[in-house]
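Following this line, the structures themselves.
In the two assemblies presented below, chain A is common to both, partnered first by chain B and then by chain C.
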Partner chain A sequence: MIEAIRARVAEKLKELDGVIGLRRSPEGVAPYLFHTEEELAELVLEPRYPMSSVVRLLQKRHPAARFGVVARGCDVRALVEMAKRNQVDPERLYIIGFTCTAEEAEACHCADPAPNVTGWPQAEVIGTPVAAGSPNPMVAEYAQMPRAERWAFWQQQFKKCIKCYGCRNICPVCFCESCALEDPLWVEPGVMAPPFPMYHMIKAMHMSNRCVACRQCELTCPAHIPLTVLYDLIRQDVENLMGYVPGADLEALPPVPLTLADAPIDLDVE
Partner chain B sequence: MDYKNVRTTCIYCGCGCTLNVQVADGEVVGILPCPEHPISRGSLCIKGWNAAEFATHPDRLRVPLIRREGGFEEASWEEALALVAERLGAIRDDSGPDSIGFFTSAKCTNEENYLLQKLARAVIKTNNVDHCARL
Partner chain C sequence: MVASHVLTGKERGAKIIVIDPREIQMSRLADIYLRPWPGTDVAWLNGIMNVIINEGLADTAFVEERTEGFDELRQVVMEYPPEKVEQIAGIPADGLRAAARMYAQTKPAAILYAMGITQHTTGTDNVKTCANLAMLTGNVGVPGSGVNPLRGQNNVQGACDLGGLPNVYPGYQVVTIPDVKAKYEAAWGVEGMSGKLGLTVTEMIEAADKGDVRAIYVMGENPMLSDPDLNHARHCLEALDFLVVQDIFMTETAALADVVLPGASYLEKDGTFTNTDRRIQRVRKAVEAPGQAKADWEIICDLARAMGAPGFEFASPAAVMEEVVVTTPIYGGVSYDRLEAVEGLQWPVPTADHPGTPYLHKGKFSRGVGKFNPVQYQAAAELPDEEYPLILTTGRMMFHFHTGTMTRRTEKLEQEAPEPYVEIHPDDAQRIGLNGGKRVRVSSRRGAIEVAVRVTSTIRPGVVFIPFHYVEGPANALTHAALDPIAGIPEFKVCAVRVEPV
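Up next is the complex of A and B:
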């Protein structure tokens, strides 16, 4: 797999301004902008990083550049949601997608471990899709709890929060320059653990129509709060009630308006 | 058109989390945590996550400052070190070595902390050494 990917990246480097991928240097693995074929011996596929955020950063710095990205399923879903919100320009991004292994799919409880590049202007996928991982058993367990118990469960969990903002920072579909979580109007400053439910519910609501179930928030949480139990259930509701699956289709519009022009309100009021 | 991550150790406290400092075209643009690191294991606290901001903050001290009549003034390292050596030597000679205390910091490396206590004990000859991690 990795050799096939390196070969394709080498090919695409001839026509692109660089390819974003993970590089194993003597220091360790981290995102990198590859320029030459020689460097590709160091291209690797794990651990996971928020690749869509790196794409966004580099596209914004270089508004005319055409990049490629080596991306797994959740990276592609995140790129799709970023593109819908004008944070990533699909016309300037070639996706070299690759399928996750069965072990990875299981470890992530991933429902969709292969990149879905339908509709992306220029993309390819390397590898054979594996079956979905089994669903997170905590979600079913939680869904059985009576309402009062659920409240107590989250109170208990969010008491551990150290307000590092890591769940927001790592999220591959989170990008606002000014964040409600830093606005004293919404989240009272200087309170530790951060006010429950405001801090976490604002994040959850903002994610409701774009969480791509990458699980990076949960992995980065120093307090080991099972954040994706919450996000999985919200995703289920958004899918069941509104028929929307984030990251599945570049053309599908999310149920929440993306611009004021889409909003069902009269903007001409005096 | 370059982008890479430079791996370093967070200087904020004594835990020693690893940071990936994102560098684009020579400019520090952000921080990523490091999932491979055995201590921080892909997590950071709010200070580590924001290390890119203080690294490039305009208020960051880049040259030594010496307090003179009108307030702090920028100085060269040679001048600053010479002044510190002269004043510490004079205070030790006038008032004895135990009139001086040395405070080290969790923001320094083990080796830097070692060197400071060495200076205290071997040069000034006092055991007045303390560390902010004890506060």
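Up next is the complex of A and C:
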């Protein structure tokens, strides 16, 4: 797999201004903008890292450049959501997608372990798609709980939070320059654990129609809060009630208005 | 980092007991939370052992095979029945019994502590008592057990490992042992090295006042905010002939210095950090240091060369490590090649093929059998009286680190906690007549500060808490420089204060 990807990246480097991927150096693995074929010996696929945030920053810094990116299924879903919100320019991004392994899909409980590049202007996918991972058993367990018990469950979980912002910082579809979670109007500063439900529910609402189920927030959380239980259920609600699946289709508009300025919403509430 | 492991344990069924004068975040997740008076740790720890012995919960096999001095321990702790401990420490007798049973009956059980145990005039006694409790229940030398002192900073352990203490060479080799001295004289090609114990930091400050110490070189420390009794500490530092401060920012202490040497931050240097788990880990330079700033080892080597000292011709931190391992048995098998592994190496690592030591005292203590050191409770050096009726306990909070040299320059953290404050119980607030006032004056025999007030029932009546991070309301203007007679650590956790509305 890695050799096939390196070969394709080498080929695309001839026409692009660089390809974004993960590079292993003696200092560790970090996102990197590859320029030359010689550097590709250091291109790696692990550990997972949200590439959409790196694409966003590099595209903003180089407004005319055409880059490529080496991306997993969840990376592509995040790129799709970022593109809808004008954070990533699809016309200037070539996606070299690759399929996750069956083990990875199972470890992530991933429903969609292969990149879906339908509608992306220029893209390709390397590898053979594997079956979806089994669903997260914690979600089913949680869904059995009565409402009061659910409330108690989250209260207990969020007591562990140390307000490190890791879940937000790692999120591949999080990009606001000024964040409501840092605004004293919404979240009282200096309180530890941060006030529940405000801190966590603001984030959950903001993610409600863009969470692409990459699980990065949960993997990052030093307090081991099972965030994907919350986000999986929100995704289910958004799909069942609004027919929207984040990351699935570049053309589908999210059900929550993207901006208030040009939002076709009717404020007449009857 | 440690709490993260504790929480994982809890989700796998582990029990948590928190004993702290303040209700902390962890106590809200605990199975048992007990609130002692500050400075009564020996009493309630002895009380726990009293219950364990009287209810037959001690690990008698471990005590017989691996320890000595049990009879002496038994004799002392029998003087601490829970009802008597309740009088001293303010912990309900039944709560203490429940904690004793849970700790003794859950195997393995780990004791985790930090400065709340050590920063007392009885700090050494407190630590010995924790060790007694762990040995009494067989909780030593087994994974998941032990007495685990949590370090307040990422490389305190590493600094001590390499001889940053007044009594030892690298690897805890005591300076008063002639063979050790001879070994280092030979290794370093010098003669006449001192075989005497040096001074601890707090003793140096005192000695500066007397003129016995005339120059101090401070690296990455800010005693003008972190030392007890700051007004006196300032007086002592000003009495020096010469003060050098090496730091990454202009600290309160650097402001007093004759020479300031700009150091490099953790992002700007190569080397190793060793934290509480004795794990030697690589730190790697990510960016160049700005301006004239240099890594500490480079500054020290430059200084040595300027003084004409041979033996400081190192090319890199790896070269320094190559010298360290030759004379330091616990680091004997360490090399930068081996440290490439993400998990680093946990000392002792005596040889190049030794895998390291994840936990100590397996099967045998370093002195052979473990010795119980029974200790009687002694009250703190300064207790409340009519003039200063409240106990002040100082400490940290989540959003700032130590003297705030880094975190108070960090906008987002400063937004979380921008000003100094005192935590006080609603009963005390009412008695003092704060009447909803926002600021108070807190005074002790050493000084007075004005800070914001936070009325909270997370602290018991009679006790107030102030974090020590703030120069504009420095808790250490109030604290007492009474020292533990063995370790020389100051009693930051107990002194007497008065709180008044302003």
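We take it that the second predicted complex is superposed on the first by the 261 of 270 C-alpha atoms of A that agree within 3 Å, B and C clash if a C-alpha of one lies under 4 Å from a C-alpha of the other, contacts with A are read in each partner's own complex, and residues count from 1 in each chain.
Assume a residue touches a chain if its C-beta (ideal position, glycine included) is under 8 Å from a C-beta of that chain, and two chains touch if they have at least 3 such contacts.
Only a predicted model underlies this, so the values are computations on that prediction, with no experimental measurement involved.
Chemist: Looking at the overlay on chain A, is there a clash between chain B and chain C, or do the two fit?
Modeler: clash
Chemist: Comparing chain C with chain B, which touches more residues belonging to chain A?
Modeler: Counted on chain A, the partner with more touching residues turns out to be B.
Chemist: Counting only touches as set out at the top, which of chain B and chain C does A:159 meet: first, second, both, neither?
Modeler: second
Chemist: Quick check for you: in the superposed arrangement, does A:61 touch first (chain B), second (chain C), both or neither?
Modeler: In the superposition, A:61 contacts chain B only.
Chemist: Touching A:182 in the superposition: chain B (first), chain C (second), both, neither?
Modeler: Only chain C is touched by A:182; chain B is not.
Chemist: Based on the superposed arrangement, let me know which partner A:192 touches: chain B (first), chain C (second), both, or neither?
Modeler: second
Chemist: Who does A:222 touch here: chain B (first), chain C (second), both, or neither?
Modeler: Both partners, chain B and chain C.
Chemist: Identify the partner contact of A:47: answer first if only chain B is touched, second if only chain C is, both if each is, neither if none is.
Modeler: first
Chemist: Now for A:27: first (chain B), second (chain C), both, or neither, which partner does it touch?
Modeler: Touch partners of A:27: chain B and chain C.
Chemist: Let me check the overlay on chain A: which residues of chain A are in contact with chain B and also with chain C?
Modeler: Chain A residues touching both partners: 27-28, 162-163, 222.
Chemist: Which of the residues in chain C end up touching chain A in this complex?
Modeler: Per the touch definition, chain C meets chain A at residues 1, 3-4, 7-8, 11, 25, 28-29, 284, 286, 340, 397-399, 412, 415-417.
Chemist: Using the touch definition from the top, list the residues of chain B that touch chain A in their complex.
Modeler: 1-7, 18, 20, 22, 24-25, 29-30, 32-37, 42-46, 49
Chemist: Give every residue of chain A touching chain C within the complex, in rising order.
Modeler: Counting only chain A, the residues touching chain C are 26-28, 156, 159-160, 162-163, 182, 184, 189-190, 192-193, 222-224.
Chemist: Write out the stretch or stretches of chain A touching chain B in their complex.
Modeler: 17-18, 20, 23, 27-33, 35, 47-50, 54, 57-58, 61-62, 65, 162-166, 169-170, 219-222
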